[in-house]
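In this document, chain identifiers A, B, C and D correspond to the written order of the chains, with residue numbering beginning at 1 in each.
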Amino acid sequence: MVNGDQNSTGPKKKAPAKRRKSASTPAADPDMVQLLTPEGRRVSHPDYDVSMTDDEYRALYRDMVIVRRLDTEGTALQRQGQLGIWASLQGQEAAQIGSGRALQQQDMVFPTYREHGVLWTKGIDPIMPFGLFRGVDLGGWDSRAFKFQMYTIVIGAQSLHATGYAMGITKDGKVGGDDGEAVIAYFGDGASSQGDVNESFVYASVYNAPVVFFCQNNQYAISEPVIRQARVPLFKRADGFGFPGVRVDGNDVLATYAVTKTAMDNARHGNGPSFIEAFTYRMGAHTTTDDPTRYRDSGEVEQWQAKDPIERMRTFLRDDEIADADWLESVDAEANDHALSLRERVISMPDPQPAAIFDNVYHEGSQLVDSERAEFSKYHASFEGSDHR
Amino acid sequence: MSQTLRIGGAIGAGLRKALEDDPKVLLMGEDVGKLGGVFRVTDGLQKDFGEDRIFDTPLAESGIVGTAIGLAIRGYRPVCEIQFNGFVYPAFDQIVSQLAKMHYRSQGTVPLPVVVRIPCGGGIGAVEHHSESPEAYFAHTPGLKVVSVSNSQDAYWMIQQAIASDDPVIFFEPLRRYQEKGEVDVSMADAPPLHSARVERPGDDVTVVAWGSMMKVAHDSATAAAEDGRSLEVINLRTLSPLDMAPVFASVRRTGRLVVVHEAPSHVGIAAEISARVTQECFYSLESPVLRVTGYDTPYPAARLEEDYLPDLDRVLDAVDRTFTY
Amino acid sequence: MVNGDQNSTGPKKKAPAKRRKSASTPAADPDMVQLLTPEGRRVSHPDYDVSMTDDEYRALYRDMVIVRRLDTEGTALQRQGQLGIWASLQGQEAAQIGSGRALQQQDMVFPTYREHGVLWTKGIDPIMPFGLFRGVDLGGWDSRAFKFQMYTIVIGAQSLHATGYAMGITKDGKVGGDDGEAVIAYFGDGASSQGDVNESFVYASVYNAPVVFFCQNNQYAISEPVIRQARVPLFKRADGFGFPGVRVDGNDVLATYAVTKTAMDNARHGNGPSFIEAFTYRMGAHTTTDDPTRYRDSGEVEQWQAKDPIERMRTFLRDDEIADADWLESVDAEANDHALSLRERVISMPDPQPAAIFDNVYHEGSQLVDSERAEFSKYHASFEGSDHR
Amino acid sequence: MSQTLRIGGAIGAGLRKALEDDPKVLLMGEDVGKLGGVFRVTDGLQKDFGEDRIFDTPLAESGIVGTAIGLAIRGYRPVCEIQFNGFVYPAFDQIVSQLAKMHYRSQGTVPLPVVVRIPCGGGIGAVEHHSESPEAYFAHTPGLKVVSVSNSQDAYWMIQQAIASDDPVIFFEPLRRYQEKGEVDVSMADAPPLHSARVERPGDDVTVVAWGSMMKVAHDSATAAAEDGRSLEVINLRTLSPLDMAPVFASVRRTGRLVVVHEAPSHVGIAAEISARVTQECFYSLESPVLRVTGYDTPYPAARLEEDYLPDLDRVLDAVDRTFTY
């Protein structure tokens, strides 16, 4: 199976409570929701908990391993000239899988350019965004069919689209009840400074829109540490706009899942917007064109290495005897297969036809574009047989 | 069936018709609800169609257009009102980077039937930022369609056509003409296409192209010129992106002379585009270079100076005369 | 004297404490700083107090009476066709006089289009903004000489200018100490939704800029009640950006003075930005072109009438025997004189020369503007003796 | 004294010189500090001039320009870096309504010496919003001055002139040429004025006008044309607002033919303005209409299509040929 169809691997709702070898002690930082420590110990939280079957625990682990492996392939493909650029999610797997798996089929996602993991949880073929990074398209896919909007590169712009879409849900009367629809808007710590993002808080609050603002605070906006964006924790921003904000350990897939599920359910039941700050770290470069050694030291990276989202989950699965070595290996093998098939399919992505430049500028066409298309074809025809291009 | 309506009222009537015809049509903006907009164009619509469909927004234009895009993705057809021309700029990013490009980026899967209504132009003695003519910014932006209305008939039909269009349309309304009355055939079966220009007064000597608020100036000029025995052909461009040049080319091939009139500054304005296109297409027909009568290349001046800033009958006639000096 | 030069009429610092017949009981709403009740009773507040001489109390009252009278004249002048439009401050006199008088000479003001009262406290000839509303200029005055920037009509834009200016103060080393400089940025409740205003909060916080955001919540943005902008009190917005926010009774000139002075002093001493929500009411129309009866009922207006800033101050002055009837009358008379002289001077404001259109487009000139100016003069010369215009 | 510098390095060197010459000069923007900007143009400047003068801003472009205006009012000379062309739009309102108008509104009392640096154009295989050419928006805005550099010598001198100017300057840098090397006379006493065009290659048959990234295409075309025995006169416009048309008029009066080249879409683009001005001034000299070779009127396409989208040598030569068909 090339995609992560959430029915087959996602956590089932109302899963039977399972034994908890180590779910008693509370987490360290009271300001940050945590259910699984960096050491892989389950801890409790007064407001949030998850009870999952072993299948569900394993599914989350599997997701994280696969999306990391696919991401590594993306970086490799760029290095080999197969992609123009790649934006790595390394280190943010728990934030993306935890939040993505907390979504229901009817929920709509408004991503940035880094949510490859969330895309996977929506059951979408992971090759989808590669067209954008390879430069064969502008990322265009049917964002409504997939319930996953196009990647947005202009920082923060999608937060308003998400809010407007959520306002539409309310107008459609699709809030209230478990089958209500909700929206999740992803953005980064840097985006929190944009006027658009703050305006989206205003609109979401005033119209009580069913939208969850999911901010992955990966500590950097390219080279700028988060202190360049705010001098207080980002999750505190929400309160002043009139809705709840919470910080979650973004490297803890269980906590991220629990917090996101609660927020999305609140939204779908008509209780309005909320803000989640997933406290995580961008392990790699901002993109393949970036050189992080210019602005941060290896010591910092190592500290976060010790909080790796996949490591801690693996430890938990092993210690709680939810998965054995064979199964863990099989997941790595499966991830590899996904990566290799992805690589082959990316490499064989065809270039678009030149005249495609003129396609879809308008839904109803335009005299101007049509005439330019005609000139273009005439011009290119004039080179037939010549050595032009 | 014909009615006499002011331009503002005709837009309101067109909006009402669109709201009746399609439950997905929404009106949003600052003060469009209870107040009915500062020009009262949406007067009474919230009362009749409810706060769900006609709603006041927070005071944030980027938010107006940005959330309208989200609503369009959801399947609605939002009509955004920008209160005054100078206040569209905070929404510029959402308009040029998002609204204009999304259909292209989505390879045609996501149409964006969003209309952005902008009262434009000067002439009402307003303070700064209330008298701008920003058409060129939007016309230069691929992915947007841009139209400009100048009379009640067009106002009534073009707003409905803009709303029915699956492309984003920037809809310019000549604010200083809101109060002017005109006949509206509300039962017309075949309104001219949204993106078509129209010859409104045939003539032989000089072609005058204008749109929006300047149509009145163009027609008055033609009347005055006629008294001096000079026959001007007046063309209402109506659409600024795409341009409908065929009637202009046809006219200039006969007259050999063209004067283009707009309120906006001339430097890299729409008149420049028309001049370039006409010169290329009608090179051998031109008896004179295309002349432009426009606002000057300064910020819009203090109200007491706007009479001198804005193109008027005298300046148009002066340009018409100059086309005979080549 | 036509202007309100603040040395002669402003509160002196370190004024001797005076008798307080009625300063014991605390104010009603704990969330709103109040030192003078609508009934004109002095009340106490744990964090804020003022001790003023009788001269200073009277000066504040005089300021409010004069700016209200001048404002009435502005409205009258517009009705008589002498102004294109007028934006009335009626009801907001305490917010503007209280905050304006709390400023020091070196402090810079960034106003909206309604701060005629603040302008008065800066000792500026009140005729200054009338050029803008009459349409003879664009409001242009030497904003640096007056320490009072030009009126800004694009909602919220000035908040970023104020923040940038404040960043410059820090770079100049002009913070720290009682002679430090600070900036006050005025805007309304509606402006709080603008991206620019929220971005200015981010910048002010990150650079710890010496700026005070003074939001006059007059309950309306034209026809929109403040619930269209926010569903929680505006002063709470600041906290999430990392600086303090406080709500003050904006119809209480003493409380507004106290709160603003504290905030400005914090800024000038290097303690960074703060946010003040002055809770007040726009008694008149948004501008002379507006018709408030379309969106609010008289009952609401009457309720606020009972909280009138000038009334309560007059009561206080009388009850505490700080001013007698004669003095109160003399102030009304003085205000009238100001208004009449203003009226005469406004009516005789000359229209600008047509060619002024081309002045000051650039500081260093431009070929394009120069050639257009030349054409313009040639063209107008061609009408010499004709009936043109 | 002459040095070999890449265009990016020459801008950096010019910035360094300006920082040394005037303590009021500041550099601000996203990642301009430690990182030295994504194109490394400001590399090393924070280290040498400190965080007070070269500082990273929050990720908010309206904030960058808006606070720069405040800093300029305070007496500083801020140079804002916009990271990529497509990200200037969130700052559009601050640029066109505030930066461009404030000097006019203040009746000359408040000069705004703010420079906004924008890496522009395509050709580097980037994703969307990184390859835009927004010159026309700014050139159409009175109160702004707009320039475009194309070689190391101009880069070094024009950035210093822009910073020294008391008017706001939108400063376009051809991002795909940042790496190209050129000689820079750093001790030159008389650099040409900021707002002057320059004939870079004399010729007799056809005039080719370009700027920024397209200068290389124009020169290559001239070289290729020469091989076919056709002599092109190449003019580097350098300044887009105001335009310096005198050298263009003089050239077209001799050649009678003009081709204008730019990356931006043609509809209401700068080539249209040049066409209109030249047709008016050189009406009797023109042997052919002014022809435009530009980007098409579509959003900037996917990277794999940009070669077909952008003007190149072949398209310029094709247009040159067409000027002989009239």
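Throughout what follows, a contact is a pair of C-beta atoms (placed from the backbone, for glycine too) under 8 Å apart; a residue touches a chain by one contact, two chains touch by 3 or more.
As the structure is a prediction and not an experimental result, all values here were calculated from the model.
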Pair joined by the larger number of C-beta contacts - A-D, A-B: A-B
Chain whose average C-alpha position is farthest from subunit D's own: C
For subunit B paired with subunit D, centre-to-centre distance based on mean C-alpha positions, whole Å: 31
Mean-CA-position distance for subunit D and subunit A (Å): 37
Euclidean distance of C-alpha centroids - subunit A vs subunit C, Å: 46
Distance from the mean Cα position of subunit B to that of subunit A, given in whole angstrom: 42
Multi-chain contact residues (two or more partners), subunit C: 137-139, 154, 193-196, 199, 202, 206, 228-229, 361, 366, 368-369
Sequence positions of subunit B contacting 2 or more other chains: 57-58, 60, 62-63, 86, 89-90, 93, 97, 101, 104-105, 128-129, 142-143, 241-243, 267, 296-299
Contact footprint of subunit A on subunit D as seen in their complex: 30-31, 33-36, 38, 56-60, 62-63, 86-87, 89-90, 125-130, 267, 296-299, 301-305, 307-309, 314-315, 318
Contact footprint of subunit D on subunit C as seen in their complex: 137-145, 149-150, 154, 157, 159-169, 171-172, 195-196, 199-200, 202-203, 206, 359-364, 366-369
In the complex, subunit B residues that touch subunit A: 26, 52, 57-58, 60, 62-63, 65-76, 90, 93-94, 97-98, 101-111, 142-143, 145, 165-167, 195, 241-244
Subunit C-facing residues of subunit A, complex: 192-196, 198-199, 202, 205-206, 208, 227-232, 236-242, 245
Parts of subunit A lying in touch with subunit D, wherever the complex brings them together: 84-85, 113, 131-139, 153-155, 190-191, 193-196, 221-224, 228-229, 289-290, 294-295, 351-352, 354, 356-358, 361, 366, 368-369, 372, 376, 379, 382-383, 388-389
